[in-house]
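Here it is, the structure, as structure tokens.
Per-chain numbering from 1; labels A, B, C, D, E and F assigned in written order.
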Amino acid sequence: MSTIIAYFKGIGQGLNTLWTGMKVTGYYFFHARKEIITMQYPDNRDTLKIPERFRGRVVMLHDQNNEHACNGCTMCEMACPNGSIKIITDKILNPETGKAVRIIDKHIYHFSMCTLCNLCVQACPSNALAMDNSYENSVYDRSELTFVLNQPGSKIRDNVKD
Amino acid sequence: MNAIYDFSILTGGIHERLSGLMSPTAVMITEMVIIGTLLIVFVALMGLVLVLAERKVAAFFQLRLGPNRVGPWGSLQTLADFLKLLTKELITTKSADKFLYNLAPFIVMLTPFLALGVIPFAPGLQIMDMNIGVFFITAVSSMGVLGILIGGWASNNKYSLIGGMRSAAMVVSYELSVTLAIMTMVIMTESLSLSEIIASQSDGWWIIKGHIPALIAFLLYLTASTAETNRGPFDLAEAESELTAGFHTEYGGIKFAFFFLSEFVNMLVVASIATILFFGGWMPFHLPFEWAVGFNHIMDFIPGIVWGFGKVTFVIFLMMWFRWTFPRLRIDQILNLEWKYLLPMNLVNFLLMALIALSGFYL
Amino acid sequence: MEQYVFYILAAIILVFSFMTVTSRMILRAAVYLLFVLIATSGIYFMLNYNFLAAVQLTVYAGGIAVLIVFSVLLTSQLNEKMEQVSLTKALAGGLIAFAGALLTILTIVQYNFRPNGLPELEPSPRAIGHAMLNYGDNGYVLPFEVISVLLLAAMVGAIIIAKRPAKLLNEDRTAIDTSYPSDKNAYTSRTKAEIDSLLK
Amino acid sequence: MQAELISKDGTQEYFVNMGPQHPSTHGVLRLVLTLDGEIIKRVEPHIGYVHRSIEKMAEFDTYKQIIHLTDRMDYLSAHMNNEAVALLVENALEIEVSDRVKVIRTIMSELTRLASHQLWWGVMGMDMGAITTFLYAFRDREMINDIMEETTGARLTMNYNTPGGVMFDLHPNFQKQVKEFIKIFKTKLPEYDELLSGNIIFTERTKGIGKLSLADAISFGVTGPSGRASGFACDVRKTNPYSAYDRVNFTEILLVEGDAYARYKARIFEMWESISIIDQLIDNIPEGVIMAPMKAIVKLPKGEFYQRVETARGELGVFVVSDGNKTPYRVKFRSPGFSNLSVLDHISRGHKIADLVAIMSTLDLVIPDIDR
Amino acid sequence: MGNEAIIMLFLTGLVLVGGGIGAAMILGPKRWNKVKEEPYECGIETTGPSWLQFRVGYYLFAILFLIFDVETVFIVPVATSIKELGVAAFVEVVIFFVILGLGLLYAWKKGALKWE
Amino acid sequence: MENEKIQQFISNWEPEASSALCAQFLEISVPAAKFRNLAEKLRFDEQMLFDYLFNMTCVDWNDHFITVYHLHSTKHNHSLVLKAVIANHDNPEVDTICDIWKTAELLEREVYDLFGVRFNNHPDLRRLLLADDWVGFPLRKDYKDEVNMVIR
């Protein structure tokens, strides 16, 4: 007898647990409009909020005079664990002091190798580098992922120390 | 019932018009062509609608929007999917049994077609009114499993074979419960003909008139038919987390589409039977009481086709709700559920129903 | 119209019967047999014996065919084709089949079919049910009950034959340590002290 | 060969590849199953499909640079992996980090653990056939990811810890957001139980499946919630407290059953514990510097160092052999997934294919963690 | 329509599937590739043949199904007429069910319903 | 048990073992030939019961290998580091312990895969992480791979 009672009790309890689960999904079904969790991605670009700290990719900060703060010390190049930064420097003669000064020719950044670890930004002594908030980085060719960070015609800001 | 909603006037008119034009055999063949074309259109349309409905319902259960890019509210999404599947290359693996491999989609698609033939969706909207209606459907649908079994076997793929075996064992087992649950209701209707079953509910649906045993029979039928259509928590034939895609792993393109479509048409069939047996098919909601004449009359003004499809939609929604809530059962649990729970309960419920029918203890 | 349908069905039955016995791939033979069974039910449908046709579909096409496919999986030569039947065997088989067919045809031709004068029964399931549960004249209640005994016997027999003594699979499962007690319904978090005390 | 395939009762054994491209191996894990019918006779894991030789790479990197590699091992507990290396360097150099850093690290770790367990729960449900759980889990996980993104600048591979502290200070919104998340999640977590834990189909499928005894758990080195479900008191947060774990109250989840359901339950319980830990810490984050003074080039003294942390999957150990240079001589990551995987064959023998899926989900394997 | 509709339904089904496959053959591309012909096994070549003798735990269930299938065939006419025939028929059906129920109980107790 | 006592025990069992008390753990070094014997004792002796092998790895010291075993006892709650010194750098061999600690089976395969240290009596010593046809043992210090390895 007790087995028979247990049999029916099992059925009852089982149905109850199933109904409990169905209540949860049922609730969300009828409240789906309010609680939609997915985003309509390409449509919501305007309203999409990216946190300001989001690490999109490395950029070199330029001011309105097209001047940056990189003096080519290669600290970032050394800090990078993947070898995604390569700095080509040049030496020019400072007309005022007559000393040879190192300036950067090209700050090459291989985005395809970058793991966005932020170590280069931290290593930079003159805060020339920063992470921007871009997130749409897909391109058709890998070579398009190699950037030259210093803008053409830009030059080093005056107050940057060596 | 309002006569204006009866489709037999329309079909009878067409029949008379045609009879005036040609010989009886020619009339029959013409009608066959017309009905066949309409049926294909209907199945295709239902497939498109049901697939979209499944995806939308699933999306709302999961707090998503579902398809919403192709057409308004994604209404053309399934059409786009179908066109994509149609234009895909047909691949047969080199070690497959080509004949059986290609035969399986035919078998799988034929069974819901034969079953659809006897279902009245609205007054007069029925292809043939067979005197053994429900039993014909159960008989035909018992063949559907062979399509899965043969398809799983012929692919010569281990996942397919295991999936096919599982599915076959499950479907044949649950067929018993489906048939018995139907027969439980047949005690009350005293007929197997679907139109007569509907007619017997003109004063109230059986789920109300037959109270407790009818309710139990409904639950049993719903469970067993969900299993028989390989859906919901019983979808282990195609259990994707174990067998990648189960019996249709090797099927691609349009052949896969037919497996997919047959699942949905089967769902329509079992939902229609549930509707007819328990909710009176296209019969409006009537109360079996003297004082409810006015109410019954008002209900009559809603067309039968609306009632029919409305109730079918409800049953299909229930099945979708199951599918998107429950985890999947294991094969031995499925067989346990059938042989240790559903079947004995069905047998007892059958006797209970017979007792109630004899004692006149129904409304 | 009906005649043509009959000829088509008969042709299907003949062709697929032949293919069933000549096919050398065992599962294909089973599938051909399935076609034969379905076509047979088609003949019943043609005769308006709807119930019988549905029974044919349910039991044979739905039940027996699945059972055959399952049994096929238990045979060992799934992969290969069956061996070619030797000519003498084929000849002997053909001869016996021919003799049997001859005998049947002769009997049918010679038999004098007469109407039995009984009222025609409506082949509806309800009439069948009436006859089946009837214990008066033309009642079949005894066969109906005996059938249940027959089915019971079949079931018991099948179980005894097919059910091997429950083989424990534990030989495969490396010994599961049962040294610590397990309360299957508890599943509550315990402290380390409790676990230590359980282990003692 | 054919003769060997035939088992005792005459039927033949079946070899089935599960993976590398399989929905329930959660990555590129390949399991070769030997089947008898549907019963599993042997499971042989083939790993290494995402092996990147992180240990070799680490031999050429400075200690600061190693940290970003650990993000990519067990990417679901990236923060804890980072913390392990950071703690190792700090302990080796005997640097005392500020209380603020300790508390931040603890909160972040618990948030990461919650996120990891949420993802596991969703995937577990999906493996068992209840696809809806996946979306519900991601709904909750998204909140944590947003919090992480705001403070650390990344959602998954955060690289937030450095030797001596953390990279950024907390975002001003952090406390408010976390409190809001905790408030919401406390109402959502019971739903997990209603939807899956209590469901009769789920319990039937997991109870008594894949039983792992305590002795085996220790011998196989199964740690984390999987080990604690067998009664193995291996919570590093209790045995070797680090960061701020010695100042919060929480229970080490210990169950005795050791089956798949116990492993499931252990994680659900652990989510409650994580919530409680965050609750205790979030209101009183002490003020302080986020970076202890460090030399520009970190050099470890000569010797061997081992640092363990409790990740979402179990004990992560970092073993460093230093020869005094700025790069380590040898680095070994004792990944929890590796040991947890080794037990798979042992506990799934004699079960069915469907059970293997349940066992694998409850072991919560992350393949890059195993392959490294 | 009468039973000849079955032919129509049958042919309709054939036309739909055959037409679909035929259309796909015309519309679909044909780019032969050796790898396409391989059976899918998670991206690895299959080890051993798939058509092996397979330990079917379902075999006994198929036999049991057949027996109960025959039973349901008998139930069908009974169900349609039991309401009319009254108590005597009910008793007969109960006897029929009890005997079969005994069979199910036997199978249950013998462990035939336990899948192994 | 205190580290000194463990040291005592071990020196009684295995005189060749050298021990050093380091900052974190007690470190025991033993020649590869004597290693298996000591490991068994450490695992099964009632006073020791080192049942939890929480880490196992290998270090290539250019002229010899050292396999490192981190052991812990869940009962007595003490830990030690056991090291097997494999002097033969060309053909390193050491006895397996995968029957004592089951987790070692995969760990030893990993070490074999990456260092080429052979474990005697291991039931299934094959490559684990790398492809079966890989040439060389990548974690050795003298491993060269011009194509895949970029050394900065």
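Definition applied: contacts are C-beta pairs under 8 Å (C-beta built on N, C-alpha and C of every residue); 3 or more make two chains touch, one makes a residue touch a chain.
Everything numeric in this text was worked out from a predicted model, so none of it was measured.
Touch-path distance (fewest steps) from chain B to chain C is 1.
This structure's chain pair with the greatest number of C-beta contacts is B-E.
Averaging Cα coordinates per chain places chain C and chain E 11 Å apart. Averaging C-alpha coordinates per chain places the centre of chain C 63 Å away from that of chain F. The distance from the centre of chain B to the centre of chain E, each centre being the mean of the chain's C-alpha atoms, comes to 15 Å. For chain D, the set of residues that touch two or more other chains comprises 9-11, 14, 16, 22, 38-39, 132, 135-136, 139, 195-196, 199, 201, 215-216, 233, 346. For chain C, residues touching at least two other chains, in rising order: 1, 50-51, 55, 58, 62-63, 66, 70, 73-74, 76, 125-126, 167, 169.
For chain E, residues touching at least two other chains, in rising order: 3-4, 6-7, 41-42, 46, 51-54, 56-58, 62, 64-65, 69, 72, 76, 79-82, 84, 93, 100, 107, 114.
Against chain B, the residues of chain E that register as touching in their complex are 1-18, 20-21, 23-25, 27-31, 36-42, 46, 50-51, 54, 56-58, 61-62, 64-65, 68-69, 72, 75-76, 79-84, 86-87, 90, 93-94, 97, 100-101, 104, 107-108, 113-115. The touching residues of chain D, when paired with chain A in their complex, are 61, 64-65, 67-69, 71-72, 132, 135-136, 138-139, 142, 146, 149-154, 157, 159, 162, 167-168, 171, 191, 194-196, 198-201, 203.
Chain contact summary for the complex, chain C toward chain B: residues 1, 25, 27-28, 31, 34, 38, 50-51, 53-55, 57-58, 61-63, 65-66, 69-70, 73, 124-126.
Within the complex formed with chain C, the residues of chain B that make contact are 25, 28, 97, 99-100, 103, 130-132, 135-136, 138-140, 142-143, 145-146, 149-150, 153, 165, 168, 172, 175, 190-192.
Across the complex, chain D meets chain F through its residues 47-48, 51, 53, 55-56, 60, 215-216, 218-221, 223, 232-234, 303-306, 308, 315, 317, 319, 321, 329-330, 332, 334, 338-339, 341-343, 346, 371-372.
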